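For reference, the structure discussed in these notes is given below.
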Amino acid sequence: MAALHLINHQHAMTDCLAVAAADDAILLLEDGVYAGAVGVAPQRPLHALAADVHARGLDGRIAAQVVVVSDAQFVELVTGHVPIVTWR
Amino acid sequence: METKRLLFLLRQPPYGSSHALEALESALVAGVFDQRVSVLFSGDGVWQLLAGQDGPAIQRRSIAKIVRALPQYDVTALYACAEALATRGLGAGDLSLPVAIVTRDEQRALLAEQDAVVND
Amino acid sequence: MNIAIAVHGAPYSSQAALSALRFCRAAVAAGHQVARVFFYHDGVHTASAISVPPQDEPSPLADWVELADAAGIELAVCIAAALKRGIVNGDEQDRYDLTASNVHPAFAIVGLGQLIEAIGSSDRFVTFAA
Amino acid sequence: MNIAIAVHGAPYSSQAALSALRFCRAAVAAGHQVARVFFYHDGVHTASAISVPPQDEPSPLADWVELADAAGIELAVCIAAALKRGIVNGDEQDRYDLTASNVHPAFAIVGLGQLIEAIGSSDRFVTFAA
Amino acid sequence: METKRLLFLLRQPPYGSSHALEALESALVAGVFDQRVSVLFSGDGVWQLLAGQDGPAIQRRSIAKIVRALPQYDVTALYACAEALATRGLGAGDLSLPVAIVTRDEQRALLAEQDAVVND
Amino acid sequence: MAALHLINHQHAMTDCLAVAAADDAILLLEDGVYAGAVGVAPQRPLHALAADVHARGLDGRIAAQVVVVSDAQFVELVTGHVPIVTWR
């Protein structure tokens, strides 16, 4: 099963991308969602947590390759991947 | 107590930690205390200025509201780093209140005239 | 599915405890089991019974206690991380001759082995970092 | 020269309090005055009277109390930052009907204005960040 | 409790915070608990491996000592990121104990075979 | 009087250098001292705090343009500069 990577600080993105497999999922949460902004986000599929995107005023500023997900979908990402890797 | 030139250098994003909130609260108090206060938003601190924030969505007070309160506390010298805004795709129209957008050279001059700097 | 959770950040100073709380609620709502939330690093401050939330902000402590009670979640605090941060229960107050204790009774003070045990007996392990 | 100090990091979780302590000792040894150390952000945890240092490690609390006493330094803790982190004195315990208090008596609980006042009445202001 | 493949991913420098110390302590316990434990030092975490540390100079236990205790707790699968070492000018001879120096591809494979990952 | 910049995390170096004046002093302390290592340190005069250098095993790994200073010299840097700017 593929891994799920959690990024809660933008600066951890580079190190995460260096070892994430192509079919691993990456979820941006907390301050990590800034890494999903238009012009900043890397060119690969990403997820971003809706509450954190909305709280920061980033609705409408998230890049096209980023899927904004609910808390319930966060749980589905966790149950659908192994291991869960937190980057900070 | 003398009147000092006091700069708040705010470089942290608004919600992931309490750094932004608590630094802003100290800036509000400095305004009340009749110091010559400036605030410079730079690095990820410019995200504090973004319009459309909704802190209560993550059980937090909206930082944008506190930022907008600064002028009411006589903190009116507000600056934002031009390069920090540009790398994040932000322009003056994206911000929740008017600030002076300053170059690195202008920031260097601003720092040089301070008696003290408070960071977040 | 059984999901074990670790929280590494303090309330207010970090968003970790809030994110973990929302995740746990969603996991429980989806029919999953969260047997234990392990508070480690600065996360141990979540167990303080004597913090006073700012006006107009909800109490993260009350939210944890309510969720744990409703969903049968064990709230476990690492003893080594807690002691050096001034998070102590009545037993430790007596043992170290301290002037007070401050752990909320809904939280159990446990050894680090309980973190490994939680990981070993669950299907997923998710850390909410500081 | 008068030097005001701010400490933003918690003991153990950050090196800030240790660095500030060494700096204050050196400043005092060089004949300077440190009128007030202001503990803000996570720095407020420095004032906890009920933390238990790991074995073989010195107690940062005892070091602060000793230095403050010897050099006439006021140890000031921001009340707003302290309350939400569970750092409370007897007055606040009564006011908020809490089960305990945990501030060491060598630390004064003060308003944020005391930070501004300390900066305004000193020649230098140095912050030890988290 | 099942035996799980458990990786400790250590990316923080040794002394500025307690992250490194507390993560290492949990790795020692995992060794005792008979899990299949690996430790990967990457990013600034490779500084934990540097020989010649003297934690007591800043009133801290030496992190290098705790790292060297890992094999005694049956934690013997120790890895360090080759790129992280190289960018910091570190070679195998600079480290306080022998570790397997692994490429990004090898780290990707190591991650893929884990049941759980603990971070610092 | 020139400013003194305190850097206690390596990652803050770039932003500090962008606004520091040529005659400002920069002191690396805590985890900031890693920014003074050979091959990493920028080409400008820097200071690094001795206790932090030594604790991390960096004796002998500090770049030539970095002056390693004692706690007493840290105090002298503070009294000799205004303002003191902390970057994190």
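The chains carry the letters A, B, C, D, E and F, assigned in the order they are written, with residues numbered from 1 in each.
Keep in mind that, in the parts below, a residue touches a chain if its C-beta (ideal position, glycine included) is under 8 Å from a C-beta of that chain, and two chains touch if they have at least 3 such contacts.
Only a predicted model underlies this, so the values are computations on that prediction, with no experimental measurement involved.
A.B. asks: Through how few touching steps can chain C be joined to chain F?
C.D. replies: When the steps are counted carefully, the minimum from chain C to chain F is 2.
A.B. asks: Quickly list, by label, the chains bordering both chain C and chain D.
C.D. replies: Touching chain C and chain D alike, sorted by label: B, E.
A.B. asks: After masking chain A, report the chain groups that remain joined by touching.
C.D. replies: No chain A: one piece.
A.B. asks: Which chain's C-alpha centroid is most distant from that of chain C?
C.D. replies: So the farthest one, by centre of C-alpha atoms, is F.
A.B. asks: Going by C-alpha centroids, which chain is farthest from chain B? Tell me that one.
C.D. replies: It is E.
A.B. asks: Which integer distance in Å separates the CA centroid of chain E from that of chain F?
C.D. replies: Their C-alpha centroids are separated by 27 Å.
A.B. asks: Could you state the distance in Å from the CA-based centre of chain D to that of chain E?
C.D. replies: The separation of the two C-alpha centroids amounts to 33 Å.
A.B. asks: So how far apart, in whole Å, are chain A and chain C when each is placed at the average of its C-alpha atoms?
C.D. replies: 24
A.B. asks: Which positions in chain D are in touch with at least two other chains?
C.D. replies: Each of 12-13, 15, 41, 54, 80, 124-125, 127, 129-130 in chain D touches at least two other chains.
A.B. asks: On chain F, where are the residues touching two or more other chains?
C.D. replies: 8, 30-31, 51-52, 82-84, 86-88
A.B. asks: Residues touching two or more other chains, restricted to chain E: which are they?
C.D. replies: Correct list: 15-16, 18, 58, 60, 115-117, 119.
A.B. asks: What pattern do the touching chains form: line, ring, star, complete or other?
C.D. replies: If you draw each chain as a dot and join those that touch, the picture is no line, ring, star or complete graph.
A.B. asks: Which chain pairs here would you call touching?
C.D. replies: Result for touching pairs of chains: A-B, A-C, A-E, B-C, B-D, B-F, C-D, C-E, D-E, D-F, E-F.
A.B. asks: Flag every residue of chain A that touches chain B in the complex, lowest number first.
C.D. replies: By the definition above, chain A touches chain B via 8-10, 30-31, 34, 37-40, 51-52, 54-59, 61.
A.B. asks: Spell out the part of chain C that touches chain B in their complex, as residue ranges.
C.D. replies: 12-15, 18, 54, 56-58, 60
A.B. asks: In the complex, go through chain C and note every residue touching chain D.
C.D. replies: So the residues of chain C in touch with chain D come to 10-13, 41-42, 45, 48-54, 80, 83-86, 88, 92-93, 96, 98-102.
A.B. asks: Taking the complex as given, what residues does chain D use to touch chain F?
C.D. replies: 1, 3, 15-16, 19, 22-23, 25-27, 29-30, 32, 123-130
A.B. asks: Touching chain F in the complex: which residues of chain E?
C.D. replies: Residue list for chain E touching chain F: 13-16, 44, 47, 50-58, 60, 64, 88-89.
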